[in-house]
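Paired with subunit B in one complex and with subunit C in the other, subunit A is shared by the two complexes that follow.
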Partner chain A sequence: MNAPIQWPKAVNEIPKAIFTDAALYEREIETIFHGAQWHALAHRAEIANPGDFKTMLLGRMPVIVANGEDGKIRVFFNSCTHRGNQVEMASCGNRKAFECPYHRWMFRTNGELAICPGSEEFSPGFDKKDYGLRELRTAEFCGLIFATASADTPALESWLGAVAGTLAGALGGDGRLKLLGYQKVRYASNWKAYSDNDGYHAPLLHVGFRLLGWQGGQGSQKPTPNGHLAFESQLKPVVNRDFLKDPSLIDLKATDPESGSLIAQLFPHTVITKHMDVINVRFATPISVDCTEVHYAYFSHADDSEELVRHRIRQSSNLLGPCGMVSMEDASIFNRIHIGSFTPGNAKFQKGVKRTDEVWFDVKQNDESGNLPKWNYYCQLMGFQRSEVA
Partner chain B sequence: MSLPAAAMNVERQLLLSEIAEFNAAYAHCIDDDQLEQWPEFFAEDCEYQIIPRENVDLGLPAAIVFCDNRGMLIDRVVALRKANIYPAHYSRHVLGAPVLLDADGRGLHSQTSYVLMLTRMDGETRLFSAGKYVDVMVRENGVLRLKNRSVVFDTHRIDTLLVTPI
Partner chain C sequence: MLGIDEASLALLDNLQRRYIEALDRRDMEAWLDCFSQDADASYFCIAAENVERGLEIALMYDDCRARLTDRVTFISKVWTGTFQPYRMRHFVQRIGTPILDHGKLSVVSNFSIATTPEGGSSSLLAVGQYEDSVVLDRGELRFLRKRAVYDTTVLPRYIVYPF
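What follows is the complex of A and B.
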């Protein structure tokens, strides 16, 4: 039996045990993933046509994100209202209706139960109207579809708060996107280590930036009290273009260098980024205490020329993500944080820490203290009590 | 894909064994960590991509590696050597027999299955990727080179990261 986790007094410290504790992970699934938070499950561009759908997990609960024949996007539990069978197995596709193969109940794309064989012998008072696929609360922001299993989740706009502007920018301003494809990966890491990337590491960990003489320009980092984090920064011109045989890969063709890098990290663990000409949404799913699956979805904008789309495909396929030349290091770090977290004690944040008795929100671009409001929020949400003594 | 013609002529057999030999050398180049030589398997004007089969099936173009000239292949190797941080590993490619699909003015069209085993520093060997090469080869000064290699991988849930070419 593990000793109970002691949350430290100093706000710049977190217990390493929270990354490895299986019982805590179970509580997180209930409290966070099945609880009063919005979770980004799809972008409209992935299911652009009536009948298009995508399946996902919301915590442990399988869901279907469906574009109805009426053009409305809904999120359903992927569970037949008869005996609970998983209705849809494909990761995405297009259907006229969802049919459960077990007893052939058939649901319309708006969720209504259309057919249930043998219903004349069903229980007294059975009414098809009561047996539509169960729908979750949904909301949309620049085409990004969110769902929540809780009635207590605040309205999406207020939940997003100050991160909304960066998020809109990262989604191309208006969210009129087209899907370019997926990179899917599993990290041997707890979801919290995956989503704890900071403003401090980028120029240090990612040697590619240094070799290219490509240090970031001016920028800002804005945390919100409910665990989101928005980064905006300039992209300065690359000094050592000759380092690459084909430097056209890192050209900016549609992006203003003044806001060349936008990152919206949404609590608990969705990242939306527009970096160079890459438009990327990272849909993450906790699989277990030591495994996190991430689907990197890449997009072009609806107004792009054919040439620009090709440029976006080149950048999307080579720069960011788990196989990206300038950022695959993050993947290594996620796994290594996890292994290191089986040792006793606390992880300690230092860069930009001005005080340790309470959290604050004016952080600089390259501080790691921007993550502290999120940790404070997490600590409260999960009901930890801070130690009285240091 | 159709059945091979019953009477395979000698010229076709020679081509197939040449392609098989080419593929074997390509795989050993990667597995023996001679990555600086790897771009030489390609024509100067070439395309190389590693793309999830799922994307191909959905008609989606984004890949996990996409190079449309030999210089970009070299850039990938330089990044791996000098910039990238990743778990050290051995690669081991096991290739199937090539199937010759067509030979036309653009080159030799063939397809070859592979499995790629990865051994990271814990010593355990894991199946990292299964898929196929979809190739167009051309002859330059008598030597076969890849005009186009599309690595279409079934294992579309990547384990952590991919840094070494397939």
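What follows is the complex of A and C.
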């Protein structure tokens, strides 16, 4: 038995053991992923037509996100209401109905049970109406589809709180998007290390910014009490464009440089970003204590010209993904945080830390202290007691 | 003169060997040298899942010679020291018969890439198909267009080098 994790008194410190503790990971799945939080599972643009669906995991629970024949998007447990068989195997597609092959029970795209062979010999009182696919609470924001397995999750708008404005901006303002495609990858990292990127690292880690003379513009960083974080910043023009043989890759064609970079990080670990002309939702799934799967979904806007779509495709493919010009380094850091976290002690945040006795929300753009409200929220949510002594 | 005879097939296979040797050595200049000098020389690395759905987002989208050169610059100069080095062994197998059209050979090959992190054990990085368009350039066969379509729906790690 490992010693119980002791949460430090200072709010700028977190125990490294939380990244590697397998028992804690199990508690997180129950408390956070199956608990009272909203989880982004799809954007409407991925399943734009009636009958379109995609399958995902909500924590460990398989779900189907389905656009019904009636045009309403619902989220169901991907499990037959009869004996629990997985209903849909494909990662995406279009169906007139979902059929469980085991006993040929068939469900309409709105979840209703349509066919169940031999039902005249079922148990007394059996009623098809009680056996529709089990539907989760679902809510939509600018086309982004959220679900929660808990009845206690607050309404989506109050859960999003102050991050809603940045999120809407990152989703193109009105969420009228078109799917451009995916990059999918697994990182050898705990989900919390994956989602703990900060405002301090960007100009230091990303050498590409320096070589391009790409100074960060003015910006802001706003944490919420329930663990979200919104970044908004200007994009300054690249000084040293000649560093690239093809600088057209980093042109801004549809983006006002004044609000060129919008990032909404939603608790626990969904990131929605509109950086330059890239519109990107990073759907993340915890696979195990040391593995996190991320689906980078890229979008264009419904009003884009053909030329702009082409530009978004080449910029999106090369800029911010698992081998992107200014993001590959982030991916390597996730793995290294994980490896380093097997050593004793606490990770300590410094940049922008004004006090250590309680969290605050007034943080600057390049502070790493913007992550502290999230850590404080996590600490409370998981029922850790802070140490009495420093 | 390019044809579909034994001699041309041998040259074609030689190009594929040069290509995978360059990547296995992580020699990005040698990788670049496998592509034609044509300004439209291109390399794409894209998930089969996207191709099947008609989606164009790629993992690497280098639609001109200048982009190929910039990729070499990033790997060789910009990213130095930020990623954990990993070895690769590429295995390539030409399948089907190449098609010759207006001086361009189109050829499809299966590929698999085994990877070994420093101090770690080996595993599969990706498998898929190369769809290549090959031309005579400076007296040798070189790629005018190369598309690596990978089956590995979810890649097992972040990626530095082309497939």
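Following the convention adopted for this analysis, the second predicted complex is superposed on the first by the 390 of 390 C-alpha atoms of A that agree within 3 Å, B and C clash if a C-alpha of one lies under 4 Å from a C-alpha of the other, contacts with A are read in each partner's own complex, and residues count from 1 in each chain.
Keep in mind that, in the parts below, a residue touches a chain if its C-beta (ideal position, glycine included) is under 8 Å from a C-beta of that chain, and two chains touch if they have at least 3 such contacts.
It should be emphasised that the depicted structure is a prediction, and the values quoted were computed from it without experimental measurement.
Superposition of the two structures on subunit A leads subunit B and subunit C into a clash. In the overlay built on the shared chain, the residue A:A188 is in contact with subunit B and with subunit C. Of the two partner chains placed around the shared chain by superposition, subunit B and subunit C are both touched by A:L179.
Look at A:L308: by the touch rule set out above, it reaches neither subunit B nor subunit C.
Of the two partner chains, neither subunit B nor subunit C is touched by A:M106. By the document's definition of touching, neither partner reaches A:A97: not subunit B, not subunit C. By the document's definition of touching, both partners, subunit B and subunit C, reach A:G321. Touch criterion met: A:V207 reaches subunit B and subunit C at once.
Subunit A uses residues 91-92, 179-188, 205, 207-208, 211, 243-246, 249, 293, 298, 313-314, 316-318, 321-323, 325, 328-329, 331-332, 335 to touch subunit B in one structure and subunit C in the other. If you check the complex, the residues on subunit C that touch subunit A are 47, 49-50, 53, 55-64, 66-67, 69-70, 73-74, 77-80, 82-84, 153-160.
Residues 91-92, 179-188, 205-208, 211, 243-246, 249, 293, 298, 313-314, 316-318, 321-323, 325-326, 328-329, 331-335 of subunit A are the ones that touch subunit B when the two sit in their complex.
Note for the complex: subunit A touches subunit C at residues 91-92, 179-188, 205, 207-208, 211, 243-246, 249, 293, 298, 313-314, 316-318, 321-323, 325, 328-329, 331-332, 335-336. Residues 49-52, 54-55, 58, 60-72, 74-76, 78-79, 82-87, 156-163 of subunit B are the ones touching subunit A in the complex.
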